[in-house]
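You will see two complexes here that share chain A, one where it goes with chain B and one where it goes with chain C.
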Partner chain A sequence: MSNPVSFVFSSAFVIIAHAAMLLNVYSSGQFTDVKDFAILAAAVVAMDIVVTILMLTFGQHAHTADFILLLILGASVIFQSCFGGVSFAKKHFITCIAALASCRVGYLLCRDYKWLQTKKKFIWAAIGIMMIVILTLTGSRSMWIDLGFMTIQPSEFIKPLLILACATSIQEQQNKHKILKFDIVYENLILFGIVAAVCLLQWWCRDLGSIPTFAAIYASGFLLRICYPKAKFSTKTLIFAGAAVAAAAVVGIMFAPAYVKERLFADIWNDTSGSGYQQTQALIAVADGGWFGKGPGKGELCNIFAHESDIVFATISEEWGLLFAVMTVLMLLLLVAIPLVNPPRSYFHGTMCAGVCAAFTVQMALNIFGSCNLIPFTGVTLPFIAEGGSSMATSGFMAGMIVAAQSPVIRKIKPKKSAKTAKSRKKGGKAA
Partner chain B sequence: MDPQNLLLCAISAAALDLCVLVLIISAYREKSSAKKRWQKISADMELVEQGASYQLTCDEILIGRHASADIRLSDMSVSRYHAMLGVSDGVWTITDLGSKSGTFVNGVPVKKKILHENDIIIIGSRRLTLRKRRDTKK
Partner chain C sequence: MKSIRRCLHIITLFLIVFIAGMGYLVYVINRDAPFYMMHSDHLQLGMVYDRTGDVLFDGMGKGTYEDGHFLDFGNLIGDEKGQMDNTLVARNIDKLNNYSFSEGLVREGGKAAIYTTLDHYANRQVYNAFGGAKGCAVAYNYKTGEVLVCTSLPSIDVTKGYENVADMESGTLISKVMYGTVPGSTQKVSTVLSALEIMGVDALYAKRFSCSGQYINKTGKPIDCHQGWGHGEQDIQQAVENSCNPFFAQLIEDDDMPLEQIIEKYRRLGYAVNDDKPTYFDIDGIDCFRASTTLTDKYEFSTQWGCIGQGDTLVSPMQLMMWQSAIANGTGKMTMPRIIDRVSDVYGDISSVSTVEFSEEIFSPSSASTMKQILLTNGANHYQYSIPGFTVGIKSGTAQVKEGAEENALLVGFVDDQRKPIAFCVLLENKYSTPVTAEGIVTTLLNSLG
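Now for the complex of A and B:
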């Protein structure tokens, strides 16, 4: 471990922050049985301690991103357990553990990019498989696969795969082919094709809220691609790309389904019991909560549909206050800002971090601005805070990518021994 | 909300703030240790050319005439994307990217070659030397 003092202080302060939140729940929370609170407190503190101990065995160089994730997940469990009365949110706790495990998998897969670059085709194949799964199992007006005991949103899993596809192909930017008068990079065309197909599929599923996230991931990859290997923007390409995005947005709005157009131009205060119900209730709840909130479990927004996912920012604002809600957003921003403090040393990891940052930022913006009526309501989840297993697992994996960029493995790929040299060595050995 | 609960709420928010602050400080401490680790990975090398020195700060460095190159050599004898420097386990390697005038290491034309300290790299009419980084602060 390179920074034992930082490690000890970080782990201690994460536990202190969670303990202070739990103290707030104990003193001003609404619960009928103290056992409910005790289970919640034990689960959160146990998660902190166990994950900290496990971190010691990971052998990473940097741990800050892990601690930020632990801080967010602990706070998330406390928030979700308090909605509508303190009661341990067992399901959400399990998904948080899944997110931590997924983060570990993400780190192990992405830390050695030279190895990962050799597996590029598997990433493309995985995207293809996910698209076939969506086409065959979700149906044209749904984004969920119902397994009976749980539901899965397969489009969520495409997000990290798309980030990896962007990052693994960035080195190919030097591999240009002259076609007519243009320098063409084949992988750029393949990537564009993949993103276009994914966006069309999302349109077909009516999961329009995910399209901006996919577009943002591709846009970040595209920007880094046109200025590879170092930031130097080509003005012409940027103007062309900007014009293409604006044209696509205009065409998208023109041909959008009726319910989307209705949401785009709706005045929610004219229809407070119809299409504007969730947003008006969310805005009233944010105003009701004030700076310090009504108290954990004392909110009324918990009676509204999707209070724990789509309008979770408003639910936190009502019960915990705007101060806590803003702090939650700050914690998420801190996680994506870590690569700015300690920049990655390879273009692969840089592209990967940019993709994760774009995905998280767009998701946060869609969720928070949507519930505050600054943009139309999209139903996109707030990473790590909102309930949802698929979202948690993929967000955890993406956090793992940030961790991998902080503790990368840069090693030499051993050249493969050819069959000829192996045979000649054998012969030489026998002769001797 | 009564004053006691309000105070507790403010304390828990302050604890969260403090934790975020500690994590930010921790991130900056990790930055300096990451720098030291990078110096080890990169063998603390730099490229120098008649008074100018180029820091090797990441594991792939493009040398060329193009504005996007990491080490930009504004010389018509240098191709836009001329050569790529790469590092692994403290060993620097140079790869020629199909340049017109070629890449030479110690006078020998190369496609891909492992570099050693004080090797002279000739790119177009430019002459660069790979050497141990000298601390300018001293």
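Now for the complex of A and C:
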């Protein structure tokens, strides 16, 4: 972000967008005391100004993604503060600050891939430690560690670690070992083992919602790895991989336990007061909100469990309208789509961006489509929007990975026209 | 750079799949939002009107109506409370939803409405004609399928709530028009139609059987005639007019009436025979019972009794009336009844209009024509005075119920008049407990239908 025009424009855009949202809250929101609104507005504007000033000090190390993240987080604070009546969501605001800090940490750690390659073993070890933490501290039917003053979801931290594990193993793809008739890469086996162990652990915790996210991260890494270093995908390999995934899915569904099948094929409208309660209430709220919503703070979904996390898309839709909820999702997509505009600096960073994109899109799909009954409801959080410190910190870190992958802006230097060239052109012009 | 582009392809793939999913989600929400809102506590329902614009259901509850205004249609139109499931409102509540995704809930001025084919005035007259007796009556235009009258007693005024639901008489919360009842001798219409289809007109008219008041069938079981001294030798016309049970028992036993063919013809008429799975007609969402019977051995009492109209045989008054349309039209195709004429959405725009529909051919036009003549002759000979002023084709029935403790009177028929093409069925329960007659109700019904 070395271009001052871009910097000013991006900062202004973020502040104006948040101001417009706050104006909407003020004009059509539901609050009993204007002080509640004032605190919210002050917090959001202060965050915008402070982060913008901080970015000025980052100089070349500030990127478009930083501004998009700020835009999303400010909107997130406004959303969460309005659910069921305007009241500043202090805890969520703090987690948003943590996400911004985490983003910077992610950026600093991931920008130098040569250094990161040397720390590969530490990444594996960190995954191992997280798994041990889950095994020993969460229990077989839980995914949380209760610290009293806060709860932590350790499986969230495995997501960026797994992305890094996939990205750092890319180069090993050149070290193939002939065993029987097969070219084997040892690290592929190790990675597969890690993912399988993580997924089994999630199954054991009954955190089924995280499994597709881990699978997607691994799949994107796997696809990019099997083709490396060739420039083209091997059609045969792709077909084989696709068939294997499809076969695994079919077998998985066939032999899935009863409670999993129940979730997969449940008719929520037949059990509106039981297992389908959250989803039916969410859909009713979306319908009630229509395109433009009932107004900030005027929703009723806030009385439903997990309205601020698992069904947050519906809560936003009810109060702000489906149009605004979709726009919020587009903001999130914009963040992961940045590598398409500003390509990653290396294959390592590309793999990392693909992993982050896989993690975010799958999590968003599980949250949004699950709460709206297009797919089974798994209770996954919506990155940056849903409440939850663990999710915020890891999502921020993953956003930092995208920032780290951005190429520095290089200005094209226009070649000076030499007098000779100009002269010959002049001559040519006369001849014509 | 090429290899990095591969990473971008993966990112693009994820984004495209997700955006496609989002697009589909928005489409689904936009499409199904009215359905979601049907499960909301903040439902805003519209109105149901009769063919003249009289209110049959007021979803907003803001109108003022005379006491008992909704009584005669109570168990057909129903409400949204959930006490009655098989009613017009319960089954079409989505059409009354004053909601659209772009407008949200319209609390004032929503114009969602169902415009029915029903005639509230005629229905009220017919309801009153029962004079407190129980039963039901249904009538429709056999050319267009428009149901005009459909009342069932006892009924309920839905505006008065369900506090005394435990004290309500049996059958209050259902429209008996839609449910199976013992058809009595009206069943003989089906048996004659089957015989016409199996052996043809000439062969059937050539058959003559004798009645001495009781017939001992081939398995030694007695089939009693309602006329103790018998009807003597009769042909099919006389047997229908006399509603002679021994004649029909002998007809079933006849070698020209193989049981397999009787079963086949009954199934074509729409009966669930023996172990056939029971099914329903869908009349604008309302489930209407399809006929059922047991036919196992044509020499056995139960099979013969089933073809005469007792035993296991059950038919809904609606279906009895629908068969009359296939006869009256002379096509062998039933005119499918419709209660909803058109539906308007929350803005008052007509969103759907019903059209005339016919069933498949359930018997041949020649059988329809012959049956029509038989019924018209019966009407001319026996109902000229009890149903004055109308040329009716008609068949009566007396059904023994509650193990013979009570007898229900039935009349099914049609008016043979192109200006007034009405088919009807009247069921008067426990006919000896009331001075009212089925003929009197039919007369009121036809007179009140302008």
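The criterion applied here is as follows: the second predicted complex is superposed on the first by the 398 of 432 C-alpha atoms of A that agree within 3 Å, B and C clash if a C-alpha of one lies under 4 Å from a C-alpha of the other, contacts with A are read in each partner's own complex, and residues count from 1 in each chain.
Note that contacts are C-beta pairs under 8 Å (C-beta built on N, C-alpha and C of every residue); 3 or more make two chains touch, one makes a residue touch a chain.
Remember, predicted model here, so these are calculated numbers, not experimental data.
Novice: With the two structures laid over each other on chain A, which partner does A:Gly295 touch: chain B (first), chain C (second), both, or neither?
Specialist: first
Novice: Of the two partner chains, chain B (first) and chain C (second), which one does A:Ala20 touch, if any: first, second, both, or neither?
Specialist: In the superposition, A:Ala20 contacts chain B only.
Novice: In the superposed arrangement, which partner chain does A:Gln30 touch: chain B (first), chain C (second), both, or neither?
Specialist: neither
Novice: Check whether A:Thr151 is in contact with chain B, with chain C, with both or with neither, and answer first, second, both or neither.
Specialist: Neither partner.
Novice: Let me test your reading of the model: by the given contact rule, A:Ser275 touches which partner, first (chain B), second (chain C), both or neither?
Specialist: Neither chain B nor chain C is touched by A:Ser275.
Novice: Please indicate which partner A:Ala62 is in contact with in the superposed arrangement: first for chain B, second for chain C, both, or neither.
Specialist: In the superposition, A:Ala62 contacts chain B only.
Novice: Examine A:Ser346 and indicate which partner it touches, taking first as chain B and second as chain C; both and neither are also allowed.
Specialist: In the superposition, A:Ser346 touches chain B and chain C alike.
Novice: Let me check the overlay on chain A: which residues of chain A are in contact with chain B and also with chain C?
Specialist: After superposing on chain A, chain A residues 227-229, 232, 294, 346-347 contact both chain B and chain C.
Novice: Mind listing the chain A positions that touch chain B in their complex?
Specialist: 2-3, 5-6, 9-10, 13-14, 16-17, 19-21, 23-24, 27-28, 61-64, 67-68, 71, 75, 114, 171, 174, 227-230, 232, 292-295, 320-321, 323-324, 327, 330-331, 334, 338, 341-342, 345-347, 406, 410-412
Novice: Where on chain B is chain A touching in the complex?
Specialist: 1, 4-6, 8-20, 22-31, 33-34, 37-38, 41, 57-62, 67-70, 81, 84, 87-89, 91, 97
Novice: Inside the complex, what are the residues of chain A that reach chain C?
Specialist: Contact set of chain A toward chain C: 216, 220, 223-224, 227-229, 231-233, 269, 272, 280, 283-284, 286-291, 294, 322, 326, 329, 333, 336-337, 339-340, 343-344, 346-347, 350-351, 353-354, 357-358, 361-362, 364-365, 368-369, 372, 374.
Novice: Any idea which chain C residues touch chain A in the complex?
Specialist: Against chain A, the touching part of chain C is residues 1-8, 10-12, 14-15, 17-19, 21-22, 24-26, 28-29, 32-34, 36-37, 39-40, 42, 99, 101-105.
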